[in-house]
Every structure is written in structure tokens, then in C-alpha cells.
Amino acid sequence: MTANPSELAERVAGVVGSDRFSSDNGTAKVRVDSDHWLEAHQTLGAEMPYFSWLSAIDWATEVAVGDPPESEDVESRYEILSCLGNVETGELVVLSTDIAKDDPSIASLTDVFGGANWHEREAAEMMGIDFVGHPNLTHLYLPDAFEGHPLRKTFPLLSRDVKPWPGTVDVEPMPDEEGPSTENPEDAG
Amino acid sequence: MTAVDRHRLSMHHSEVQVSVELQTPDMTLNLGPQHPSTHGVLRLIARVDGEVIEEVEPVIGYMHRGYEKIAEVRTYPQITALVNRIDWVSGFANEIPFMVATERLMGLDVPERAQYIRLILTEMARISSHLVFLSSFPLELGAATPLMHALRERERVLDLIEGVTGGRFHPNFNRVGGVKPAAGAGSTQKKVIQDLPIEFLEQSRQAMQYVRDVCDDLKDLVVGNEIFMERTKGIGIIPVDKALAFGVSGPNLRASGVPFDIRKTDDYLPYSNFEFDVATGENGDCFDRYTVRLEEVIQASRIIDQAIDSIPSGELQAKVPRIFKVPQGEIYVRAENPKGEMGYYIVSEGGRGPYRLKIRSASFSNLSVLPWLLQGQLVPDVIAILGSLDFVLGDVDR
Amino acid sequence: MSALFDGFWALLGLKVLVSLLVILNVALVIIFAELKISAHMQSRVGPYFAGGRYGWAQPIADGIKFIQKEDLVPRDADRPVFKLAPMVVLAGTVAVFVIVPFSPTLVVRNLDLGVFYALAAGSIATVGVLMAGWSSANKYSLMGGLRAAAQLIAYELPLVLAVVGVVIHAGTLSMSGIVEAQAEPFFHLGETAIHLPYLFQGQVIGFGIFFIAMLAELSRTPFDMPIAESELVMGYLTEYSGIRFTMFFLGEYAGMFAMSAIASSLFLGGYYFPGLDSATFGPIVLMAKVGLLVFVMIWFRWTFPRFREDQLQSFAWRWMVPLSLVNIAVTATFKVVF
Amino acid sequence: MTPRTMPGSGLAKGLWLTLRTLFSKTATIHYPLEKEVPVARARGVIALDADACTVCMLCARDCPDWCIYIEGHKEMQPPAKEGGRPRSRATLDRFDIDYALCMYCGICVEVCPFDALFWSPDYEYSETSITSLLHDQERLGAWLETVPDPPALES
């Protein structure tokens, strides 16, 4: 059985030299500085050699698609996440760091984990993050000529623009009672 | 050291001289995206010297459907219908980690019967996925008959899955809080609670026997076959450290000798109630990757037999409103899918749909080891190695 | 007209026409057998509707379909060679039948060097395969063609060496002579004369080697690397379509027929079966033996995976060639001693 | 490790298996001649009970693919009781499902609050033209008779 996530988070935070950690919902998450991103992985790699995944989140207050974050004080940034594990103990920890939107670059992990290669290429094309030191930061999924970074919150989802939402073609509300909403739940949240 | 150098070092002195004299320009061989052995639309750009691969660059993305983006404009129930299309060979298993993650974010307790049904169907999905592998891998090596034998029995398993969920490949049977509830609020008898259909348990027991029988057949037809051994033993060895660094998981990792099974380490479904062995290999070659999966099918049928015996009765659904919002929070839940570790990192900002959904699919990481693994291999071995990794392009591209 | 019919050329024409018809029809039957047997080995039924019952007309329907297809020639292909290749394959295969004795009298030409001729003519088909692979201007075709060539070189040798044992036994290179030699009683058990084909006269190893080499020559599983659809798409056939593909296809199955007929004649007694009149039942007996060998070939194909090219080579040079040499030595010793 | 066996025994086992299968019963179902009966829950095609539909649009709105097209209008109906107020009732003008887009998830059937949509296991409606896959109200209604009765359950 997996170790207690809060203890795990605390221990890993000690290993990588960070004091910001959480274990909400059973997911051990340790925040590190972006300057120490590579170093943290090198240190932790000895204990947790299993590289599960790497990805990014675009934190934005204004979004072109989907719901904006509920909390209003969200700081506009990219959050890079990586997930390391130990296959003997079954432990799993998510490392995370923030990078600024005007300079989205961070050290590449390809030298530490070979598997980071594709994950970073994916994050680079989807979020527009520059992984410094990556040997081949080209498009992984998208055609070479594709412009833009689809997973950024500013990137509109075209399929939702070209076809009207069927809910808008609606009957009038019944008299004396509230008719079905004509409001798109995806717009309103 | 390039692949050529490595290859040359492994040769005898006289051979080196011959190869130097016969130095020929390298040829670029394009395997795919339309090629019989790429399981869909994988493309390998290989630089070959004769039939020896010097360098290979996999090109993926021909099946990129942008699920992570689409998920941002979908509600949780709608995403359920999407995720079982990621790895379509084991559609049901894809739903589980997503459901568990959502339920944990909402703090729901799933009734035990629903968990058992989930577990039984997940293992059935594993059997059906592994049977596809067990049958199609010999096909890559030129033996067509195991395919039909295994698919014949897989059909029984799919029929059972369809009998419960209504879908052979895309069950869409899990709901947040349990399994498919009474549909709608109406009173018509035609929409009833989707519990297991009658005789399902008995039929499952029979099907498991057939599955074990076909595994015996496959042992005779494939595993024991000297030509098959010749083609797979010592081919495409993934050492443990490489496997871990590339995030190789599931049977591919276990074939390298690591007894890592998320069913044993995590508690996303009540696997701890059942007795089963984690199959491991010794050498991490194609042969081990085959036998590990063969053993996993047998173990899965064991789990199903035990679950059938001990399935509790009771509710199928926790109380969940029809339209619900998921509380703010972040969670990563992974599950042992037939292909390996499948996980979802859900970032919820309190909406009806996730703010960000990261899909960690097994095939993507398993495939990322290819450029390293294929260096210096022969073209026929490339096909064998590709096949032995058991990937689904939908699971790679998402 | 009558002068024409009396003439040598007319007779030759008639012989060619009849042989072609027989050979191609047998090839169709083998194709159908393969469809059906492979299906039932996989719990399928195979062709079912064509022709009304059991799908017997499936190969004919396939043939008609292929003929209707466009005959595509790749732009960069070496056109004359590309177009010639299927004909070379088919011609090379058909040419083998010249020396196959169907009965003591029913043989196109009883050559004194029949065995030699058969082996020589049989390898023409591989030249056609190499031509196809080279001229297609396709990398997969080229690799398939090269594999076929390598395979030919590796397996022609054990094939020939395996026959030497039989030749030593029979003391002749004529096919009819070899069959007649097997019709002679091997030994007498009291009153009854025991007839044994060479297979049971100590040529088990020879037959084994011949059969394996034959599979390799015909590119049948487990030696179907030149086509290897999971690796090389369709090998040297990748760029072929329509009637030219059909010719390759027919050539493959006619080749099975031809090689099985030779193997039957050399090792299984050919048209001779104890107690049956060779003149009347000869063709039937031979076809039964051919049928048996063809069935085994189909059986192998639908049971085994394929080897890798280098494994095939090492198998040929490390096992087949030495074994066949040993076989010759042993046979020769016995021949001298007894 | 498997114990060392006689060389060729693996090949022989395989040959024996295929030979055995050659003479055993086939698993094929001759489709157009005999049909496999789909399970009662099979999600084959969606049937519409137009009378039950109240044009509430829930299905169209929850559909992940937006493949349901509904149009309706309001009709004034005579009052149910003498002297009562005339009632307004939503009437269905158009209910189309585009099966070329549908991904058979069943969300529409589930969300329908008035039991107007049902799954039928029928599957034989392939078309040669993609536009013919748009089933209109009448065609969807015709599927209704293929909807099976609820099957017995394991409890």
C-alpha cells in the first residue's frame, strides 16, 4: 500500500529542499522553484527513478474556452508538473513549479529522464513552453506548419465556434413557469 | 557511439573489413503511416543500412484528437463518454481512473457492489485487450492462426461486457458515484436500473474457462513454438533502468522483472480482497512480454472467478445530483490498465467540467522508448518489437 | 490444316495448351484448398457464397476481379523488366512440368537429365522475383527481391544435394527412370514383393531437407520473408496489381504443384502405387501424393510464424548443407556396400 | 524457464492443434442468413416516443457531439376544465439525430426526464450516403417497436 501521502510529501519536500508541499485528495505534491527544477529531479531521481509524466497548466483569469477558475485571485502563470514514482514502494509524487507567462522557459529534464523527451515536446507544442536543453523541440502531434498552442486558455476551440450550440434554438418559456434555460452551461460554468 | 559503430564492434574483424569495403549510402525507410504493422497510423522514419536500423524517428499524432482540450469544454459525464475512446481495445478500463479521481474530488463513497462490477468489467477489458495482443503479435511474426483462435474467445468476453453495459468497445457504463443508474426520472418500465443481467455471473464463469482453455492453446501454438522463441528471445531487451526513466509501465515493465502492479500498490478498486499473482519476466525481451501477458490473462480470469463468488448485493449508485459541480482541487489517480499506468490529473476549479485534464496514457510512454530501443535492430525485429510493446495509437495520441 | 495438325509444332502447341490448362486449373484448386483449409484451421468457414455451394467458385471470381483491375506501373519503374517479371515467374514454373511423369507414358518430355533440368528451371522463377523487386522502384519491393535472391542461393544448394541421394539410389537423372526404379521391389518378404518409395529406403533426411528447401524456394511460411506482409507490406509484389499480380499469384500456386510433383516423383514413388496399374491410375496416384504434400505446406503456413532472414541463412548453411552432405555420404556408402 | 523439451515438439504441438481445429466446428455465424441476436441492452439505435417529448432540449444540450436537432413551437390548448385557463403545450416540429455524428454514449437517453428516448439493439441501418444517416422524427419513432422489454436482472 502507498505510504501516507502527507508524510510522503513532507519527506520529498525535505529531499528536494522545499517547504511548500500539499497532499490534498491523496495526491502528494511538492512545489519547487523553477531555478531548482532540474536539480530537484536529479536529487529525487535516485529515490524515485520512475518517470510517469510531465505536463503543464495554463492558469489564466480570462479564458477563450471552458470555465474560468472559480477563485478570482488566480495568478496568471504556467505551472509545470512532473510525476515521479518508486516502483518498489508504489510511492508517487507530483513536482510542480511556476514559470512566468512572458518568459515561459524552463530547464529540460531529458538528461535525467529519457522519457521526458516526448512529454516535453508535447508540453512545448501545446502550451508554448521552451524547454532549455531539449535536443529536438519540434512538434510531436501537430503538423509542422501549425501555429499557436492549442492547450493555452486563449486558444479558441473552433468546433465550438462554427456550429451553434443546440440549446440556443429553444422554445419559449412556459407561461407561469420557468422554461428550460437557454443559457449554455459551458459558457456560464 | 552511433548505432553503426556499435554494430560494427559486435562484428568479427573480418566482417568489419567487408562492411567497410562495401560501404553503401544509407537508405531512408518509411514504415507507415500506412503499413500493415503499425497498428493504425504510426510512422517510423528509419535510416537503414541494408536491413539494420541505424536511427529511427517515430512520428505520431496522426490520431491526435485533442482530448485534453475538448475536456475543457465538456462536463464530467460527457468526458466519461470520451475517455473510453482513448484506448479503445480496453475501453472500460479507461473510465475507472477518471471516475475514481472525480469521486475522490467530490468525496463520494462508491457502493461496494458498484465497485465489484467495475472490477469485474475492468478485468474483462484486460482479458479482451491482452487477447488482442496475444493474437496479433504472432501475426506480426507471420502466424495468422492464433489471431482467430484468441479472437473467438475474446468475443465471449466482449459479449458479456456488452450484455452489461450495452457497448462492446465503448461501454460508457461508469457514472460518478457508481455504475449506470436508473436512466431518467420517468416511470416507464423500459428504463430500469442497469444491474447485471440475469445469468451474467454463470456465463462469466463459463467464459473464463474458455479463456483459460485458449491460453493453453496459445501456449501450444505460440509460446512453445521453436520458431517463435527464435524470433523473440533476446530481441528488444528493455533494461530496468531504461524502462523506469522512460516511464514504461504495465506488462512491458513487468517483463523486465519489476513486480510493479498498481492493482497491488494503489486502492482504486477493491483488488486487495482477491488473491492473484503479479506476472513478471526475466529478460525484458519480446518473449517475456508475451508470456507475461499470457499469465496476466489467466490471473485476470482468477480475479473474476473470485469476484463472482463474493460479489455483494446492494446499491449501485451513491447519491449524486443530475447536474453537479466538482469542488475545487487537484488530484492524480492512476490505474493498472491493460497497457500500463493510465492516470488522470484533474484540476477542478469548481465547474461542471475540469479546468485542465491531463491524460497520462500508458502507450505514449511505452512508445517513447522506441528511438532508443530500435537502434541497431534488424527490420524484421523492429516489427517484432513494435508488436511486443502492445500500443494502441488512440492511447498514444489521445 | 491437316498438315499443320500432323506437324511437330501442332503437337507441341497442343501439349502446351493442355498442360497450361491443367496446371492453371490445379493452381486454382490449390488456391481454393488453401482458402478453405486455412479458414477451418481458424474456426472460420472461408468462402461460402461464390458458386452456390461451399464457395467453390471463389478463386475464379477472384481471378475475374483481378483481371478487371487496372494494371498499374509505377512511374519510376523499369517498365520492360517490371512487365516481364510476372511472365518469367509463371514461365519458369510451368517449364518445370515438362519432365514431370504423370504415368509411364504421360510425360511431356522424358529428358535424360530430367532432375537437373527441373532444378534449373525451378530457379528461374526466383530470377523473376528478383526482377520484380528491382524494377518496382520501391524500397519494400527491393528488400523483398533481395531476400528472395538470398534465399534462393542459400536453399538451392541443399535442394540439389538432397536430390543427389536419390540419384545415387536410382542411378539415373531421368525422372521417369527414378520413378521406375522405385517401382522395382525393394526386397521380398517370402513370396510378396515389398515396394518402397525412396522416402522409406533411407532417404528420410533427404526428403526432409528437400521439403524444407522447397518451402524456402517457394517462399512459403515459415520462409515467406520475401513477402512478409507484416514487415515489407507485400515484398516484391507491393507494386503489382491486376493481371500481373494474378500471374504471380498463379505462379506461386503452380510452383507448389510443380515442386510437390517433383518431390513426389523423387521420394514418394511418383505415379506408382503398389497394386495399381500405373498406366491407368498413374495421374491419380501422383495427384494424391501432390495433394498430400500441398496440404502439409498449407498446414505449415497456417501454424507457424516466419523465420528471420539471417536465421534462415544460418539454418541453411549450418544445418541443411552439412546434413545433406552427410546424407550423400551415407547413401553412397550403403550403395557401395550393399 | 520451461524445461528442455525435444526439439520440434513445440512445432508438433502447434500442428496438432491446427489439425484438430480443422475438423472441429467453426465459430462463424453466416450473417445475412442467420443473425446473432444482440443483447437487450445493446446500444444500437435510439428510438423516439414523440408523444412523450416535451421539447425541453435537455438531450440536445447534453449531447457531447451536438448531433440532436430539435425544433418546437408552443401551442395553445383548450383548457382541461371548463372555465379554466387555456394551457400552452410545446409541440415537436423537428427531432433529428445525426447518426453520422452520434457516438452512442447514451447521455441523451439518460437525461430525458420524460422517457421519450430509448435504446434499441437494432443495428441494420447502414447507408450508402452519409446524409441518409440523419434520422428524422418519423424514422426515430419507427424504431420504437424494436425496443425490447426490460430483461431480468441478477441481484
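The letters A, B, C and D name the chains in turn, as written, and every chain counts its residues from 1.
Convention: a residue touches a chain if its C-beta (ideal position, glycine included) is under 8 Å from a C-beta of that chain, and two chains touch if they have at least 3 such contacts.
What you see is a predicted model, and the numbers here were worked out from it, not measured in a lab.
Enquirer: Determine which of the two chain pairs, C-D or B-D, is joined by the larger number of C-beta pairs in contact.
Expert: By the number of C-beta pairs in contact, the winner is B-D.
Enquirer: Could you tell me which chain lies farthest from chain C when each chain's centre is the average position of its Cα atoms?
Expert: The chain farthest from chain C, judged by C-alpha centres, is A.
Enquirer: Can you compute the centre-to-centre distance for chain C and chain D, using the mean CA position of each chain? Integer Å is fine.
Expert: 53
Enquirer: Just curious, how far off is chain D from chain B if you go by their C-alpha centres, in Å?
Expert: 27
Enquirer: Which whole number of Å gives the spacing of the CA centres of chain A and chain D?
Expert: Each chain reduced to its C-alpha mean, chain A and chain D end up 37 Å apart.
Enquirer: Taking each chain's centre as the mean of its CA atoms, how far is chain B from chain C in angstrom?
Expert: Taking the mean C-alpha position of each chain, the two centres sit 44 Å apart.
Enquirer: Which residue numbers or ranges of chain C touch two or more of the other chains?
Expert: Correct list: 41-44, 302-304.
Enquirer: Residues of chain B touching 2+ other chains?
Expert: Residues 74-75, 145, 149, 152, 221-222, 225, 227-228 of chain B touch two or more partner chains.
Enquirer: Can you list the chain A residues in contact with two or more other chains?
Expert: Expected reply: 185.
Enquirer: For the complex, which residues does chain B have touching chain D?
Expert: 74-75, 77-78, 80-82, 85, 145, 149, 152, 155, 159, 162-167, 170, 172, 180, 183-201, 217, 220-222, 224-229, 313, 322
Enquirer: Considering the complex alone, what residue numbers of chain B touch chain A?
Expert: So the residues of chain B touching chain A come out as 60-61, 64, 66, 68-70, 72-75, 104-105, 241-242, 244-249, 253, 258, 260, 262, 264-267, 323, 328-332, 334, 341, 343, 345, 347, 349-353, 355-356, 358, 360, 364-365, 368-369, 372, 397.
Enquirer: Inside the complex, what are the residues of chain A that reach chain B?
Expert: 1-2, 24-27, 29, 49-53, 55, 57-58, 65-71, 81, 83, 87-90, 92, 94, 112-115, 117-119, 126, 139-142, 150-151, 155, 157, 160, 185-186, 189
Enquirer: Spell out the part of chain D that touches chain C in their complex, as residue ranges.
Expert: 11, 14-15, 17-19, 21-28, 30
Enquirer: Residues of chain C touching chain B in their complex?
Expert: Residue list for chain C touching chain B: 38, 41-44, 139, 143, 221-222, 224-225, 228-233, 302-311.
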